[in-house]
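Each in C-alpha cells, the structures are laid out below.
Okay, so subunit A shows up in both of these, paired with subunit B first and subunit C after.
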Partner chain A sequence: MLTAFARAFRTPDLRKKLLFTLAIIVLFRIGSHIPVPGVSFEMVRSCVEDSNRNSLFGLVNMFSGGALLQLTIFALGIMPYITASIILQLLTVVIPRLEALKKEGQSGTAKITQYTRYLTIALSILQSTALIATARSGALFSSARSATCDPQGIVPDDSLFRVIVMVAVMTAGTSTIMWLGELITDRGIGNGMSILMFVSVAAGFPAALWTIKEQGTIGGGWVPFFTVIAIGLVMVGLVVFVEQAQRRIPVQYAKRMIGRRAYGGTSTYIPLKVNQAGIIPVIFASSLLYIPALIAQFSGGKSDWAVWIERHFVKGDHPLYMITYFLLIVFFAFFYVAITFNPEEVADNMKKYGGFIPGIRAGRPTAEYLNYILTRITWPGSLYLGMIALVPSIALVLFNANQNFPFGGTSILIIVGVGLETVKQIESQLQQRNYEGFLR
Partner chain B sequence: MTEAHGSTATPEHSSSDGRGSDDEPPGGRRANRPKGSSGKPEQKKKNLFARAALFYRQIIAELRKVVWPTRNELSTYTTVVIVFCLMIIGIVYGLDLGFAKAALAIFG
Partner chain C sequence: MVTGFSIALIVFSLLMVLLVLLHKGKGGGLSDLFGGGMSSSLGGSSVVEKNLDRMTIIVGVCWFVTIVVLGLLLKNTY
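Showing the complex of A and B:
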C-alpha cells in the first residue's frame, strides 16, 4: 500500500498536482506566521505562550491553525470563506433569484461563486474588525496572567489609521487564502476549501497532544497521552466506517434503440450515504455557537446576560452548551441533506432518462420513496454526527483534559472526512492510468 | 398487499396507488380512493408512542439494508487515512517549526 504513495509521485501528471498542492500549503503556512503590522510581536508571543488555550477562541483558533491568536495576516483562516459559502447555499433555498441562477448551469454557478467571494470579503472585514477590537481592549488574552504579558500592550498605537491598515491587511490575507483554496480546487488535488481547513486543524494537533502529556498527572502524562491516541484511532475507524456506509437504491435504465444501436438497459444504484450531510453541520453548528460568546466578549462581560452567556456557552463543558450543540448539529444535518439532495429533482431526472426504481412508479411515487428512505437514514446519520462531535466535551468532563482535546469530534470529523475524500481522489487518478491504487 | 403505513417494510409496492384486488371493477376502485386516503388520518390518530415505535422500527429496517464496509475495506481505508493524515501533520509541523523560527528571527 505504501508503494502506492511512491507510485503516485512517479506519475508525472499526479506528481505535478501533488507538488502544486504542497506548494500552496507551504504558502498558507508562511502567511500564518507573518504578524499583522501594528501588533507588538514580542507581546503576542509571550501572551500566546502564557494563555496557551483561550477558552473563547479555542475552536475558532483551531480552525485557523493557531494563527488567530497570533494576529497574523492569515489570522481569520479559511473560515470566512466557508461561512460565506454555507450562507449562500442556505440562501439558495430562500431566494428565488439565486435558485434560478443555480438551475442555469455553469454561468449561474459562476455568478454564485462571485457572490460568495463578495460575502467573504464582507465577513472578513467584520471579523477582523471584531478581532482587532478585542485585541485592542486586551480581552483577547484576558485569561493570561504573567509578568511579561500585558494584554493592553498588544496594539501599542491604536490610532484610527493603524486600525484601518490592520483590518485591510487581514481582509487581504483572507482573500488570498480564498484564492489559494480555489487554486487547489482548480489545479491541485481535492477541494481547496477543505484541504486548507484540514491543514489548519492538522497544524494544531502536535501541540495539543503535547499539552495533554504535559498537563497529565498519571504516569508522567504518558497514560492520558496514549489513552487519547488510542481513543483517537478507534474514532478514526468509527468515522471511516460510517462515512463508507451506503444505502444503495437500485435504479434500472430502460433499453432504447437509437438508430441501430441499443442504449441503456443498465442497472445502477443511487448511493445514499448514512451521513449524507458530511461535516458541514458540525462546522456550521460550531461557528453559530461561537457567536453568543463573541457578543458577550464584545460587551465587556459585565451585564447579567453576558455573565449568563459566559457561564453557559463559552466553555464546552456545560450541559446546556452540549445539548444546544447536539440539537444544532441534528438540525443542520437534516437541513443540509434537504438542500443538497432534492428527491423530486432526482426522480424527475430519472424519469427523463428512462430510469426507474424496480417496483416503484416513476415520478411522484419515486420522489416519495426516496424521501421515505432519506428521512429514515438521516436520523441515525445525524445522531452519529452529534455524538462524535460531543466526544471532546464529554472527554473534557471525564478526563479533565483541556477543551481542545485533539481527537475530539469536530477535528476528527474534518481530518478523516477530508483525508478520505482526498485519498479517494488520488486513487481514482491513479486508476485512470491503470495503476493499482492503494485502496485494494 | 403490503401495508406501507403500518409496516417496517420499505414501501416497494405502495398500496395506495390503486393496486386493489383484481376482481374489483375499475369504477369500484376509483370509489375506493377517497376511502383509502381517509384511511391515512385514521392511521395518524394512533397514539404518539405507537407512531414513534413504528418510525424507530422503520429506521432499523432501513439500516439493515445499508451496505456497511467489510472488515477488510474498513482496515485498508483506516490505515490509508491514518498514514495520509500523519504525513500531512508531519509536513505541516515541520513547516511550522521552520517558519516560527524564521518569524522570530525577522520580527523578534
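Showing the complex of A and C:
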C-alpha cells in the first residue's frame, strides 16, 4: 500500500498530475476563505460561530465547505453546477432534442456539457442574488442570537450598486470553480467536479468533530468524540462494501468467422451494481425537502402552515421528516436507475453484436430479464441508501449533535464514492508501468 | 477610489465568466460526476485553448487582486 504511494510519486507523469490536482485544491480552499467585498467579515464570523445549529442551509453549506455561510467569493461552491447537471439530466428524458443529442455520442454529450455550463452561470446569478437578499434581510442567521451578532449588519451598505458588485463577484467565483474543476479533469487526476466536492465535504470534518467534543459532556467530550470516529470508520467500511457490490450477469458472445479469422466467442458479464444510482437520490431528496423550509422562512414563519412546516420539516429529528426523506430517497433511487439504465437498449445492443445471456433468448425476453434483475437488485440498494442518509437524523436524536454531523450519510457516500473512483483512476495510470497497485 | 475598483471588479467578473464559458467543457454530465465510466480525454489542447488558458489566468489573477484590494478599502470605510 505504502510502496504503491511511493511508486505513484516516482512515476513522473503521475506525479505531475497529482501535484497539479493538489495545487488546484489549494487555490480552491484559499478562495473559499476570502470574503466578498462589501460584507462585514467580523460580523459574519461572530454570527457563524453562533449559528452552528442552523440546519436550513445544512446540506448546501456542507457542499460549499462552510463557505456559504461565510459569504466568501466561492460561497456558492459547486452547487449551481450540480443543480444544472441534475436539471439537464432530467430534461433529457422530457425534451426530444436533448435526447437526440445524447444518442449522438461524443459530440452530443459535449453540447449538453456546454448547455450545463450556461445553465450553471444562470443559476449562480439567481442563487447569489437570493443569498445576498437573505443575508441582507438577516434571515441567513435567523437562529443566531447573541450580543455580538447583528444579522442586519452583515451587509453594511446595501445600495444597488454594491449588491450588483457582490452578485458579479459570486457569479465569477462560481465560473472560476467550474474552470478549476475542468482543469483537474483535463490535466489532473479524477473527475474535477467530484474532487472539489470531496474537498468541500472533507473540509468540514475537523470543525464538526471538534464541535462534538466541545458540546459533549461525558468524559470531557472525548467519549462522544471517539465514539463518533469509531462509528464513522465502521460506516465507511460498510459503504465501501455495498458500493463495490455488484451482480454479474453472464453474457456469451457467438463465435464468428470473418475471412479466415475467428472473432468473438468470449464470455463476459454485465455488472449491475447494488447501488446503481450512487448518491444522486440523496441529493435529489434533500434538495426537494429543503424547499418547504425555505418557503416557510421567507414567509416570515408567522402563519399556521409556516409554523407547521417549521415544526415538522426544518429540523431533521421529527419522525415525519425522516419518513418523508426515506420514501423520497427510495423513490428517486428507482427513478434514477430507470433513467440511466435502459434494459431494452442493452438487450438490443447485445443482439446486434451476437451476444446472449445463457438460457435466455435474445431480444425482448432478455430485456425483460434484465429489467426483473434490475428492479430486484435496486430494492436493497434503495433501502440501504435511505438508511445511510438517515444516520445523521438518528444521531441528532441520540447524541444531540447538529445537522452537519460529520459522518452523515451524504458526506460519507460522497467521500467513499469519489475516493474509490479516484483511486481506481490512479491505479489504472500506475498499471501502465507496473502491476501492483493500491487495491488487490 | 472605491467606485473605480468596484467598476473594475464588475468588468473583470464579466470577463472571467465569458472566458470560462469560451472554454470547451471537459467531462461533465451527472453520471460522470458521481462515478461513471473512466473516460479520460486524450490528446493535448490546441493553440487556441492554450492562449485562452493564459488569458483566463491573467484575468483571474487581476480579478483576485481587485477583490482583495476592494475588500481592504471597504473594511477601512466601515
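We take it that the second predicted complex is superposed on the first by the 438 of 440 C-alpha atoms of A that agree within 3 Å, B and C clash if a C-alpha of one lies under 4 Å from a C-alpha of the other, contacts with A are read in each partner's own complex, and residues count from 1 in each chain.
Simple rule for what comes next: a residue touches a chain if its C-beta (ideal position, glycine included) is under 8 Å from a C-beta of that chain, and two chains touch if they have at least 3 such contacts.
Predicted model only: the values in this text are computed from it and were never measured.
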{"item": "Combined model on subunit A where subunit B meets subunit C, clash or fit", "value": "fit"}
{"item": "Partner chain(s) touched by A:Ser85 [first = subunit B, second = subunit C, both, neither]", "value": "second"}
{"item": "First, second, both or neither for A:Val274, with subunit B first and subunit C second", "value": "first"}
{"item": "First, second, both or neither for A:Arg7, with subunit B first and subunit C second", "value": "neither"}
{"item": "First, second, both or neither for A:Lys213, with subunit B first and subunit C second", "value": "neither"}
{"item": "Which superposed partner A:Lys351 touches (first subunit B, second subunit C, both, neither)", "value": "neither"}
{"item": "Three-chain overlay, vertex subunit A: subunit B-subunit C angle, C-alpha, nearest 10 degrees", "value": "140"}
{"item": "Touching partner for A:Leu420 - first (subunit B), second (subunit C), both, neither", "value": "both"}
{"item": "Touched partner set for A:His318, first subunit B, second subunit C, both or neither", "value": "neither"}
{"item": "Contacts of A:Ala245 with subunit B and subunit C, given as first, second, both or neither", "value": "first"}
{"item": "Subunit B versus subunit C as contact partner of A:Pro35, first or second or both or neither", "value": "both"}
{"item": "Least Cα gap, in Å, left between subunit B and subunit C after the two complexes are fitted on chain A", "value": "5"}
{"item": "Set of subunit A residues, in rising order, touched by both subunit B and subunit C", "value": "34-35, 41, 420"}
{"item": "Interface residues, subunit C side, partner subunit A - complex", "value": "3, 6, 9-10, 12-14, 16-17, 20-21, 23-35, 38, 40-41, 45, 56, 60, 63-64, 67-68, 70-71, 73-75, 78"}
{"item": "Touch list for subunit A against partner subunit B, complex", "value": "1-2, 5, 22, 25-26, 29-30, 32-35, 41-42, 45, 198-199, 202-203, 205-206, 233, 236-237, 240-241, 244-248, 274, 359-361, 365, 368-369, 372-373, 376-377, 379-380, 415-416, 419-420, 422-423, 438-440"}
{"item": "Interface residues, subunit B side, partner subunit A - complex", "value": "10-14, 17, 55, 58-59, 62-63, 65-69, 73-74, 76-85, 87-89, 91-93, 95-96, 99-100, 102-104, 107-108"}
{"item": "Residues of subunit A defined as touching subunit C within the complex", "value": "31, 34-38, 40-41, 73, 82, 85-86, 88-89, 109-110, 112-114, 116-118, 121, 156-157, 161-162, 164-165, 168-169, 171-172, 175-176, 178-179, 182, 185-186, 191-194, 197, 278-280, 340, 417-418, 420-421, 424-425, 428"}
